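Here subunit A shows up in two complexes: once beside subunit B, once beside subunit C.
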Partner chain A sequence: MAKHQTPMLDELTKGPWPSFVDDIKAEAARRAANKDGVEYQIPVDVCDDLLGILELAYKDKETHWKHGGIVGVFGYGGGVIGRYCDVPQQFPGVAHFHTVRLNQPGGKFYTTEYLRDIMKIWDMRGSGLTNMHGSTGDIVLLGTFTEQLEEIFYEMTHKLNTDLGGSGSNLRTPAECMGMSRCEYACYDTMALCYALTNEYQDELHRPAFPYKFKFKFDGCPNGCVAALARSDLSFVGTWKGAIKVDQKAVAAYVAGELKPNAGAHAGRDWGKFDIMKEVVNLCPTQCMSYDGKTLSINDKECYRCMHCINTMPVALKVGDEKGLCMLAGAKAPILDGAQMSSLLVPFLPVEEPFDEIKEVVENIWEWWMEEGKNRERLGETLKRLGFGKILEVTGITPDARHVQHPRENPYIFWSAEEVGGWDRDIKEYRKRHAR
Partner chain B sequence: MALDMATAQKTILDFLEGKAKSKTKFYFNDFCDLFPDEKSRDVKKVLTELVKGEKIVYWSSGSTTMYGLKGLGKHADGEE
Partner chain C sequence: MAFISSGYNPDKPMEGRISDIGPRHYTDFLPPVIAKNYGKWAYHEILEPGVLMHKAESGDEVYTVRVGSTRLITVGLIQEICDIADKHCGGHVRWTTRNNIEFMVDSKAKVAPLKADLAARKFAGGSAKFPIGGTGASVPNIVHTQGWVHCHTPATDASGPVKVIMDELFHEFQTMELPAPLRLALACCLNMCGACHCSDLAVVGIHRKPPQIDHEVLENICEIPLAVSACPTAAIRPSKTEFEGKEKKTVAIKEDRCMFCGNCYTMCAALPLADSEGDGCAIMVGGKVSNRISNPKFSKVVVAYVPNEPPRWPTLVKTVRQIVDAYKKGANKYERLGDWAERIGWERFFDVTGLQFTKHLIDDFRDPAYYTWRQTTNFKW
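Right, the complex of A and B next:
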């Protein structure tokens, strides 16, 4: 028998999709049964009370969570998000319901043993509910009490070598695709760069001093498996210089049906014979490809790296040999409105340890944004407000055609006095050459 | 110009105490305004020391972080 009647929440369990209500009920039953004999440090009925307070919020049509708080672990300004309910007598199990963010392992590689060890701590000291993973990439632990926070922090760091992630006006937990560890498309070692910058910027991650949140994301190639371009203030996307490498024999094998397109990823249905013109050449967004029945040609200067041809024929087409990354700035994906993609900032950088060139760009941007950014203003908003030219100026990057999104949209270029050798001129000298 | 840690800490605490009746939480930028000639990273070091010394605390909404004097402001039961 459930602790609280939840008729409205129960409606959510009737559809065809998995329901979070079912999941929370399952966890409530598991905690009540306690087959593993866990010594629960927070109320055993936390999950029941979570459902209860949500049902009440649906009934009242207003939230019963209070906003924010001072909770955290000593010395850290992020990693814990305080949440308290305003009806603690009615729902004591969720009087506190703080979220703990953990910095996920690189590429989200972990063993089942590691996950079980996290859950041993979390079952005992928290609700047992998790979000794997939060949109930032963290392992998110949902719901614990203030007095458990230092204990959780100690055990996660000392037993599992796992730090808290970022929240608030911090550098958020950097996230990367699995990169070269599994993927042939990766143009740089995303895990190495993410690890290096995470270590380098620990202070920014744990002690907030930015105008607002700041996100790094690392995609190994333009396929963008962590969607860096769409949601990180600074996006690192793998790319290459020069030509896509074409193996004409393998192209012929795809055309003859000897190799499955997309590495067989869509082979569950009969799509008919592979048609290279229809499925590759004519889909090229810049129309830079042609196929004469024998040879596939690519005008690489026109390619803007949509990756479609390479994804479709991965045996025949490979990314070029000179690999590196491009940096883009200013993306954000807020919940309500104002979503914005990143703008190209550094067209190409080789990726070499100790990544000094990258760090220099990052630090110049931060220095500027910390001075100029308004409270609760993302980098992309500061960019829009002050102009893209400003970020080029502070990073010392020479403007070039690739920074211009719509070349003919706005013909006015605002030159500074330094760029044109000053505005003053000798009018007498001028009049010698030009009559009034 | 390098910040003198003790003087800067006093400036910040005086500022917070002076405002305590009307406001208890402040953005990082508010402290930078107290030291217009200093780099924001140096101001951050002073605030970090004050947090370590338990004079001030972080307040977080989850998306934004603010700073305030320890013990001031409305607290939920259980907030430290």
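Right, the complex of A and C next:
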């Protein structure tokens, strides 16, 4: 018998998509049965109470979680999100419902041994509820009491060699696409770079010293599977220079219908016979391709590497050999002054350990933003307020036509004194030439 | 429920403390076929919806079965995932950025038993535990936020709306019949922890009533200057009021300037916005992050408000279906939703989706609004 009646949530056990309600109900039953004899450190019926408070929110159409709650572990300023409910008498199991963010392993690959070990700790010391994963990428352990926080941190670090993720005005847990681990498009080793920068900047990740949050995301190619361009203050997107590698035999196989276009991504519908002119050559945004019935030619100098032809014929076309990444800066969601995507800052950098060139750009940006950024101002907003020219100046990057979609449409240029031979003049000299 | 110490000594917090160690190294967790062929993949194929084959230059193959999952997931279910991975995948498993789970095997013969095992597992109410799909020109899993399950600022729930939308689009998840991938996102407020602003279709929780002012406690729990400066439209100013015979420092709000962003509540707990009648969802479409064919672009608001209708949000679901069907019917192969809408024109988008264009869809926020108005005679009837 369930502790709370949940008629509205029960409607969400219907339908084919996995039901989180059924999952939580099963967890409540599992904890109640406690077959493994776990010495639960927070109320056994936490899942029942979570369903109860969620049912109440469904009825009221308003959340029942209170604002704020400063909790954490000693020496860190992030990684734990404090949360209390506003109806603790009714739902004592979720009176405290703090979140612990764990820094996920690269590419979100796990061994079952490691996952089970994390779950064992969380089963005993938390709610049994998680997010796999939070939007930023962390393993989110969802809901525990204050007195368990240091215990969880101690066990995660001592037993599992695993640290917390970021929260607050610090470097948030960096995340990457799976890159070279299982993708032929990867132009650099996203997992290696993500791991290296995460470890290099542990202090920035755990101890808030920034004006606001700061995110790194690493996409291995312009397809952008982790949406670096849209949601990270510094976006690292793989790219290349030089020619796309073409296997003309494989191109012929696509034309002959022996290979499925786009790796079979469109196989669920009859789109007709593959038409290389219509589906590849004419869709090329730079019109840099041609096909004469035998040979596919690419004018690589005009290609801007959008990936369409490579995605469509992955067996025949490969990214070029001189690989690296673009760095773009300033993406954020709408709060406050509207959404921003990252703007191109570094058109190309090779990606080589120990990644010093990349770190230099990062550190120059931070130094400037920590000086100039206002409280709760994301990098993109600082850029808008002070101008893109500033970030070029502080990173020492030469302005280039690649930095803009088009040149400015107004002539209100902030000329400096040095550019115009100084601003100090003598009005008397002027008046000698021009009477008042 | 006796307290069990981990070994941590609260009197000496630094004793034996381990910190700043970062995540575990990914090479601890890679399946052998992945570790062996790292960086040496030749190409991939989607053999059927939800099943991928990656071919390495060495000739090795790795087969991946992708299943949808709820982002909110329990210890018990993760243990079951571990059981499956132990049985079929040598003890390895991974998650994708979009909350899918990927089970990988190193030979084709292992795919069918894995698939059968996954497909047979159901929750008590009959829903699939591990639906296979989410590849190619499909609706992959929705990325989303916490909603009423854990967040203090939401204007809608997250897990519930995601469940009902994916129930509706289940066929599109399990097939590859769309013109291109249709990536969905849901954020339960404008903070958009779910990055809705560049999705093909996004649901965003919005408030529509200005904050209430809890005069009794405001001066005690808020930094008034921070609350004032939090407002992007300068609607909040410092003020004084009389409360139960005592003078209190507080704020005053010019309500007709409020754009309901909720940033003041983030800074000041005495300014709550949540309201059962005011809150609901906006629907945004046409964003993308990929650089393929066209540049990345922002999503556009095409439905200003849908009420919160728990538990199954019928109006929201119906509207999403309308948009998906029109896109499915009208777009060319490879064409993302935003590219389709731009090709046919946004005026035509409202025709073919049957959505109503309202004054709320005309941007009036700051300078960029001008660039969204039409400065040409080129439009369609």
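Rule of thumb we're sticking to: the second predicted complex is superposed on the first by the 382 of 436 C-alpha atoms of A that agree within 3 Å, B and C clash if a C-alpha of one lies under 4 Å from a C-alpha of the other, contacts with A are read in each partner's own complex, and residues count from 1 in each chain.
Definition applied: contacts are C-beta pairs under 8 Å (C-beta built on N, C-alpha and C of every residue); 3 or more make two chains touch, one makes a residue touch a chain.
The structure presented is a predicted model; accordingly, all values stated were derived computationally and were not measured.
Colleague: If we overlay the two complexes on their shared chain A, which of subunit B and subunit C does A:75 touch? Say first, second, both or neither.
Modeller: both
Colleague: Using the superposition on chain A described above, determine whether A:238 touches subunit B (first), subunit C (second), both, or neither.
Modeller: It touches nothing on subunit B or subunit C.
Colleague: Please indicate which partner A:285 is in contact with in the superposed arrangement: first for subunit B, second for subunit C, both, or neither.
Modeller: It touches subunit C, and subunit B stays clear.
Colleague: Once the structures are superposed on A, label A:380 by its partner contacts, choosing first (subunit B), second (subunit C), both or neither.
Modeller: Neither partner.
Colleague: For A:67, select first, second, both or neither according to whether it touches subunit B, subunit C, the two together, or no partner.
Modeller: Both partners.
Colleague: For A:371, is the partner it touches subunit B (first), subunit C (second), both, or none of the two (neither)?
Modeller: The answer is first: A:371 touches subunit B but not subunit C.
Colleague: Quick one: classify A:223 as touching subunit B (first), subunit C (second), both or neither.
Modeller: In the superposition, A:223 contacts subunit C only.
Colleague: Quick check on the superposed pair: does A:109 touch subunit B, subunit C, both, or neither? Answer first, second, both or neither.
Modeller: Once the two structures are laid over each other on A, A:109 reaches subunit C alone.
Colleague: Please name the chain, subunit B or subunit C, that touches the greater number of residues in subunit A.
Modeller: Comparing subunit B with subunit C, the partner touching more subunit A residues is C.
Colleague: Would you tell me the residues on subunit A in contact with subunit B in one complex that are also in contact with subunit C in the other?
Modeller: On subunit A, the residues that contact subunit B in one structure and subunit C in the other are 66-68, 75-76, 99, 147, 203, 375-376.
Colleague: Can you name the residues of subunit A that touch subunit B in the complex?
Modeller: So the residues of subunit A in touch with subunit B come to 66-72, 75-78, 80-82, 84, 88, 95-96, 99, 145-147, 167-170, 203, 207-213, 367, 370-371, 374-376.
Colleague: So in the complex, the part of subunit B that touches subunit A is made up of which residues?
Modeller: Touching subunit A from subunit B are residues 27-29, 32, 39-41, 43-44, 47-48, 51-52, 57-65, 68, 75-80.
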